[in-house]
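Quick one: the structure is below, questions incoming.
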Amino acid sequence: MTGFLALLSRDLRLVWRRPGDVAVVLAFFVVATVLFPLGIGPQANILARIAAGVLWCTALFASMLSLDRLFAADYEDGSLDLLLLAPWPLELAALAKCAAHWIVTGLPLAALAPLLGVAFGLPPDALMALAATLLIGTPTLSLIGGLAASLTLGARRGGALLALLALPLCVPTLIFGAAAIETLMTGEDLLAHIAILAALALVALATTPWAMAAALRQAGE
Amino acid sequence: MADLHFLANPARFRRFSQRVLPGLTFATVLGFAVGLYLALLQSPPDYQQGETVRIMFVHVPSAWLSMAGYALLAALGASLLVWRHPLAALMARAAAPVGACFALVCLATGSLWGRPMWGAYWVWDARLTSMLLLFFLYLGHIALSRAYDDPDRGDRAAAILALVGVINLPIIKFSVDWWNTLHQPASLMRLDAPAIHPAILMPLLWMAGSFLLLFILLVLVRTETEIDRRRLEIADQNA
Amino acid sequence: MAPPLLDVPLLNVADLACRRGGRPVFDRLSFALGAGELLALTGRNGSGKTTLLRALVLLVRPQAGTIVWQGSNVQDDPETWRGQLAWLGHLDGLKGDLTVRENLLGAERLRGRPAADDRLDLALVAFDLNALAHRAVRTLSAGQRRRTALARVMLTQAPVWLLDEPLNALDSAAQQAFRSVLQQHLAHGGLAIAATHADLGVPNARTLELTA
Amino acid sequence: MTGFLALLSRDLRLVWRRPGDVAVVLAFFVVATVLFPLGIGPQANILARIAAGVLWCTALFASMLSLDRLFAADYEDGSLDLLLLAPWPLELAALAKCAAHWIVTGLPLAALAPLLGVAFGLPPDALMALAATLLIGTPTLSLIGGLAASLTLGARRGGALLALLALPLCVPTLIFGAAAIETLMTGEDLLAHIAILAALALVALATTPWAMAAALRQAGE
Amino acid sequence: MAPPLLDVPLLNVADLACRRGGRPVFDRLSFALGAGELLALTGRNGSGKTTLLRALVLLVRPQAGTIVWQGSNVQDDPETWRGQLAWLGHLDGLKGDLTVRENLLGAERLRGRPAADDRLDLALVAFDLNALAHRAVRTLSAGQRRRTALARVMLTQAPVWLLDEPLNALDSAAQQAFRSVLQQHLAHGGLAIAATHADLGVPNARTLELTA
């Protein structure tokens, strides 16, 4: 557990020293979101319809962009060996890296999304729902993205294939996340959707660390 | 040992700015005093927009200056890359956040104005959208110049970006205008330039002049800060 | 760390065999190492020195054979074994964005324990890194980085050191510093296994020459 | 010119050895695109209306995703030094790298997009137009993205910063690319749009290589 | 390559000064090198050997000073100068996913000319890489990679070699191979500048010791 906290706090402190790094991810999130009206056109009714999809899509993208190098940097400079040789479970190390990633991207993304929702003309209750679903859904993205990152590390074709399989695992989260906002218009139960998102996050939490650890051990060979 | 070659140029700049700063400050304060008097008390409320029209006296000058600011960044970038002018890097570092702030003020006053005028804080109007993109260009410049451990590299990378960006600005503006006419949002009031009444033009020009002075003032002061900071860093490294 | 039993070998490697990429690298390799002993791995490029080191720390899965530390097979309890190890690979394993100090402190915390300030200072002094302590590693020269990595090894206080070409990129002063640190480690009952093409300067070192 | 071809073929061969990196990018494209019909629901008219915009936006993201490593891999293993020291213009080297990137992302994206367009209920002529505009527009994205990649070489937070720099500059291409498909409904001239896209590509081709070369020389220091 | 004028120095470096990260590394450095001469750069870690090499090839912009090759300032015509160079850095500059052969051929083509097969074979033989020619570089040992990078240098046939710690990770046989390749290069009127902490084994090499 000390190791887990050490790794987590190392990654976080690195970010804390350079708050600009988080700001860049957020700025990117805003820019990417703004592109959709430019592609689709400014009609307010259509924009409000697709807002949830757009914001979830760009959130996924922001996660992917920053996850890409989650383990690759450690692999290339030799620090991965040190992680593999640390006298505590590698699963925890993988988890710590994903957790740090979520804290510096998922969390601020969820906080920022409602602001962008305003520009898409979403009503206040939809803004709340958006923030809530992102808060619960982004950990899953960090975990699955982390898995894809570890699989493509040193990988031959097999790893690539697995990563290709890992990505569609994000689909349920995206669908339920984006659909949750619609429930407000159709009068369905928002809480049910949130419960499903939470369940997906728990499944990811229970399975991905083992898979990540196995993939990292492979990469160390 | 402090790097004398490096500081020779900025030292001259500092002597110059020390001389002009008091007068510039005075002129800025005076400009705003007169401008605000004209804008807030002298000029009549708009027959259509009422008192909210007064937002314009802040909104329009900041729009102009944020656009001019990016041109300045490009000019500074060119003088850094072509003539290796060390002061240009420091001044670009100082000017970028100021320009970004003016863009932000334009966006903020615009959306505050939009609330009574259009009933929404934001609409995807062409002018609004291209101002937003200009703001993003500023953000990229600021982020890039600070993304390196070695500040010189950040300065030069940002200079290249500013040059490419300034070539792109007209293209972006043109395409956003065209995009907007393609999708005429019929229900919304268009942001066409109203035939500006002289009673409004006068205070507007005063305010624009004062904003320009403020812009120059802020850039000069911030450049001095940058010089100090760089000098401290060098002293730190040589310690 | 358990009190060293000077007469019994602490580390027993028997009949180790490894394959890389489908090719056998070595076969039936055996040695034993007691407290205070250094084993120098020599041999031509590609003879398997790095592979052996990685197999000993279980980064590479051995094909056959056993590695026994203080009487128990390390494959049964890899975590305890890892707690006994200090590792220096071909790559330095440093983060370019962090300073020398942060790299050293971070590595210690990753091993599950915070480093005391005085020990850190000792390691910095030993490798003449004091003046560089607050520089980002990305701005260091090759030898300065290697020295930082060596300081990390020294800081662990682990009984078993596994070093892959520790002298790489070091100038003669730094090589001297490394030698005295290594001798100190051995004098305190530590073990070391080092792959090297040069002389490590330890008088009664044992040598294992690998043949491709 | 031999150098240009040599670099191009080397990069293509590298991708061929590691097809997973391309596969992940294409998977992202598909997943992100499929999200919209799932999130918005099956109203055919809305879907067809937003199809072009969505596909263009996700294509833009997908090409950013893979640009991150365009020069970074060379930078980290020391090959960038060799490129910088090659006795032919660095501008050509930068161009070759962007060309390789386009071949392995832009081209497959353009090929894949019509397939996805079918899912959005686009008519056959719109599918053709989509492929054509992507074919002509994606080189611009590769060039602008390559510029951003060279500018962020050695910077912290590479990926997100890269996208933040590149996305605003890609806006014109995005607008004209997405709008071209709408011309089929409004009866405007498709060719005019394609001509503008080609012109944008030429402008990028004429300006970005110099900027990239300048940025790469900085990175070698 | 122009016929070497044995009496006139081909390379003239005068008053070179460099800074890294705001700090001066060296100042007013001058030397001249004629055909067939080797300059060994020595000095402590961080004394500026790598910086000097990078400045000579214009990867680092010198603060002051001139570099003159065959009478003309290289900064006026960098491309011609680059055509005369073979470079070996701290990093090998190899692509792990490509084979040894592909790496060598690719590097030659990057220099703007395809390598003839017989020259390639010569270089492979010189560094005992024949058996590895079709192995992906990622599966090679550290020394095998370094040998590949050295074979690349040999393949260029460039008159000026700039080498940063060429002996790194090499076993003694490979060191010997490198020495004879280097001597051959010098005997053919080539120049070489090499940063090193070990002896390069060239009898009448000149030495430049950098002081931090």
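Annotations for the structure displayed:
Labels A, B, C, D and E are assigned to the chains in the order they are written; within every chain, residues are numbered from 1.
The criterion applied here is as follows: contacts are C-beta pairs under 8 Å (C-beta built on N, C-alpha and C of every residue); 3 or more make two chains touch, one makes a residue touch a chain.
A quick note: this is a predicted structure, and the numbers were derived from the prediction, not measured.
Note on connectivity: the fewest chain-to-chain touch steps from subunit D to subunit E number 1. Among the remaining chains, C is positioned farthest from subunit B, on the basis of C-alpha centroids.
This structure's chain pair with the greatest number of C-beta contacts is A-D. Of all the chains, the one whose CA centre sits at the greatest distance from that of subunit D is C.
One finds 23 Å separating the Cα centroids of subunit A and subunit D. The distance from the centre of subunit C to the centre of subunit D, each centre being the mean of the chain's C-alpha atoms, comes to 46 Å. Mean C-alpha positions place subunit B and subunit C at a centre distance of 56 Å.
Rounded to whole angstrom units, the spacing between the C-alpha centres of subunit A and subunit C is 37. Counting partner chains per residue, subunit C shows two or more touched chains at residues 90, 97, 139. In subunit A, the residues that reach two or more other chains under the touch definition are 20, 24, 27, 31, 38, 41, 76. The set of subunit B residues touching two or more other chains comprises 133, 136, 139-140, 143, 147, 149-150, 176, 179, 182. Listed by chain label, the pairs that touch are A-B, A-C, A-D, B-C, B-D, B-E, C-E, D-E. For subunit E in complex with subunit B, the residues that touch the partner chain are 21-23.
The touching residues of subunit D, counted against subunit E in their complex, run 2-3, 5-7, 10, 13-14, 17-18, 77-79, 81-89, 220-221. Of all residues in subunit E, only 54, 57, 59-61, 79-80, 82-83, 85, 87, 89-98, 102, 106-107, 109-114, 136 touch subunit D in the complex they form. Residues 18, 20-21, 24-25, 27-28, 31-32, 35-36, 38-41, 46, 49-50, 52-53, 56-58, 60-62, 64-66, 68-69, 76, 148, 152, 155, 157, 159-161, 163-164, 167-168, 170-171, 174-175, 178-179, 182 of subunit A are the ones that touch subunit D when the two sit in their complex.
Chain contact summary for the complex, subunit B toward subunit D: residues 81, 133, 136-137, 139-140, 143-144, 147-148, 153-154, 156-157, 160-161, 163-165, 167-168, 171-172, 174-176, 178-179, 182.
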